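So that you can tell them apart, the chains are marked A, B, C and D in the order they are listed, and the count of residues begins at 1 in each.
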Amino acid sequence: MADAIHWIGGGLVFAGTLLTLLGGVGVVRFPDVYTRIHAASLTDTGGATLVLIGLGILSGFTLETLKLAFVWAFVMLTTPAAANALANAAFSAGHKPRIGAFQIMKGESSEGAGPAQRDGGVAP
Amino acid sequence: MLLAAGVAGLVVAMGLMIWRAIAGPSPYDRMLAGNSFGTKTVLLIAVIGYLFGRPAFLDIAIAYALINFVTTIALMKFVRYRTLAQPLCSPHDTEAKDG
Amino acid sequence: MNFVVTHFNYLAVIVLMMTGLYVLFATGNLIKRMIGLALFQTSTALLYISLGKVAGGTAAIKIYPDSPEAQALAAQLDPAYVAQFGVSGVVYSNPLPHVLILTAIVVGVATLAVGLSIAVRIREAYGTIEADEIEAVRAREPGE
Amino acid sequence: MNAIALEASFALNVALLLMLVAIAAAIAWTRSLVAAILLMGVYSLASAVWLVVMDAADVAFTEAVVGAGVSTVVLLGATLLVRPGPVRVDWRRAIAPAVLVVGVGALLVLAVSGLASFGDPSSPANAHVGRSYLVETPNDIGIPNVVTAVLASYRGFDTLGETVVIFAAGIGVALMLGFGPRSSLPQPPVQPGEHHVVLRVTARLLIPLIILFAFYVLFHGDLGAGGGFQAGVILAVAPILHALVFGLHATTAAIPAGFVRGVAALGVLVFAGVGVVCMANGGGFLDYDRLFMPRVEAMIPPGLLGDPTHSHNWGQHFGILLVEVGVLLTVSSTMVTIFYGFAGRATHDVGSAR
């Protein structure tokens, strides 16, 4: 029984981290801001759910289970809200999503046509 | 053993986020990477607590989840609106401006 | 090679210190300089914490020796080691550096804020925060 | 299990330190201030994880909340006010600092070679003072968290000094930047139809939870990781989030700047007042064993805290709690004062010297 708990809990944790790792690859490889936000926020919430459920199975039912539930609730509340805010701000600042077949053209930066927002803290 | 593998996976994912935070290209990419790095930190703290036998460290993970959100909002306001003091619009505000 | 392994933490901290110091010296931008100073300060904190780590130790929050947590921790170590360096059956890391650094971090952010507010006032008085431009302005108006 | 946990600890230590070095190099290399500030926040988070691996749970708490939270916000506020261009890089000007830094590094390597190897339990740093704190705390203080015991009781006078430094820094920032929002704050560039209703709802949910969590950290501080400093910064994050989402004018209407300054002074007063009460009862300054009058102390039944041999530690328990409350009040209101100062100021281009 203890062995089964160990394998199931550990397996869930490992699956969660694998999902997070895949999301990380997506954040590095995807072509524009919106697809990267989508990769990061979805895998973060999904991976967090799997990892925290796995840890909850490993710990049994103690005070730590309640704390895990709190961590989960906060991650589920903040990560999507932050991703929404970022996408909202990026869109209203003029970043155009890439639509259509994905191809990398030479000399084109992948950030779309952001007219007002350049990096570097220049005055508006 | 599985937990150690999980920790390794999270550390690699954090490295990928750092790459994106350095590479950019737009500030929104950097913010996204910072926010996602924070979430992975939360998970890493939780797993480390179990791996090293002191699960009481979960308090720290809760604090990270909260602080990470506030930092992301502050950065977003800085980059997009160039102010920390003005409120974010509610739907009523912008409707009134349209009409 | 053995030295690099046993002193890896200290060497890494030295690299961090050098980076902070370099940022502090190489840029004229006052904000970037404050960032370099913060980096330098953090690396000092890392050195203290590295010194306080005890191999096989755990956080300095006491646990009862007969609790399952403590027994799981003690089972990982050589009983002779625990008997020699442990406190009632559990090996803890040194709490003293933690105390020093904990307060230093909070004081650090307060002093960082003071430095940044001075930078803001400099910007308002001289119109720039680049060190060489400030010097140029001062050279032009010596009576100021 | 045994070897894996130890080796995993060292491997994680090495990986995180390499990560920190990479982030620091990126901070030095980047020309964009936004990227440098964001990487500074990421650096804080990574170093906080490293601190957990190094068993410094309390420090990890503080570093995450301070480094990634407040110091990022303060840096952003200052950057807004000074409106700098991109950081200029002049390679000729970088040579002399590089030589100097390499020299300093070589000296430090020389100095470090005399240190005991990493993790050595019998090194001078670990064998004497630190160990005696661990041995004596159950008898002297009677609380599980040795860090809190050393911070608030053994080294209470030092902590009082730190609290006063934080208070003074807050007053200094307020005197230089002003105490609250000016009437003429710059208007943000908002597109028609743009709104953040998701953030407003989420923030409304989160702010009470942040405050609740801060008090949990405060009262849990003698049992687990936590304490006045951490709780104070977490408590300060709630008004900061409120100001970010609902505007600084709404926040100062709820928590006026004068009230915040008063609370900052009150915190120092509570801390020092506990010390004076101890003196009035015949002990030394901040000697919590004499916090209660002997008559009151005699009325406390033994064994109330579940540990029958240490019933006399009630003065220590209450003294530490009161002192931590003082630290919480000062730290949180100082952080809020600093935020009000930076966020509420508007820089106009008065610098006509150029």
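Keep in mind that, in the parts below, a contact is a pair of C-beta atoms (placed from the backbone, for glycine too) under 8 Å apart; a residue touches a chain by one contact, two chains touch by 3 or more.
Keep in mind that this is a model prediction, so the values were computed, not measured.
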item: Pair with more cross-chain C-beta pairs in contact, given B-C and A-D; value: A-D
item: Centre-of-Cα separation between chain D and chain A, whole angstrom; value: 28
item: Between chain D and chain B, distance of the C-alpha-averaged centres to the nearest whole Å; value: 19
item: Chain C residues counted as touching two or more neighbouring chains; value: 58-59, 61
item: For chain A, residues that touch 2 or more chains besides their own; value: 74, 78, 81, 85, 92, 119, 124
item: Residue list for chain D, restricted to those that touch at least two other chains; value: 5, 33-35, 37, 57, 77, 79, 83-84, 189-190, 194, 196, 199, 202, 206, 209, 224-225, 342
item: Touching pairs - complete list by chain label; value: A-B, A-D, B-C, B-D, C-D
item: List of chain B residues in touch with chain A within their complex; value: 1-3, 5-7, 9-10, 12-14, 16-17, 19-20, 24-33, 35-36, 39-40, 42-43, 46-47, 50, 55-56, 58-59, 61-62, 65-66, 68-69, 72-73, 76, 79-80, 82
item: Chain C to chain D touching residues, read off their complex; value: 3, 6-23, 25-32, 34-36, 38-39, 42, 45-46, 49-63, 75-77, 81, 84-85, 87, 91-99, 101-103, 105-114, 116-121, 123-130, 133, 137, 140-141
item: Chain D residues touching chain C - in the complex, by the definition given at the top; value: 1-2, 5-6, 13-14, 17-18, 20-21, 24-25, 27-28, 33, 36-37, 40, 43-44, 47, 50-51, 54-59, 62-63, 66-67, 70-71, 74-75, 77-79, 81-84, 87-89, 93-94, 96-98, 100-102, 104-105, 108-109, 112-113, 115, 117-123, 125-126, 129-131, 133-135, 137-138, 144-147, 150-151, 155, 158-159, 162, 165-166, 169-170, 172-173, 176-177, 223-225, 227, 229, 232-233, 331, 334-335, 338, 341-342, 345, 347, 349-354
item: Interfacial residue positions of chain A with respect to chain D in the complex; value: 74, 77-78, 81, 84-85, 88, 92, 116, 119-124
item: In the complex with chain B, residue positions of chain C that touch it; value: 58-59, 61, 69, 72-73
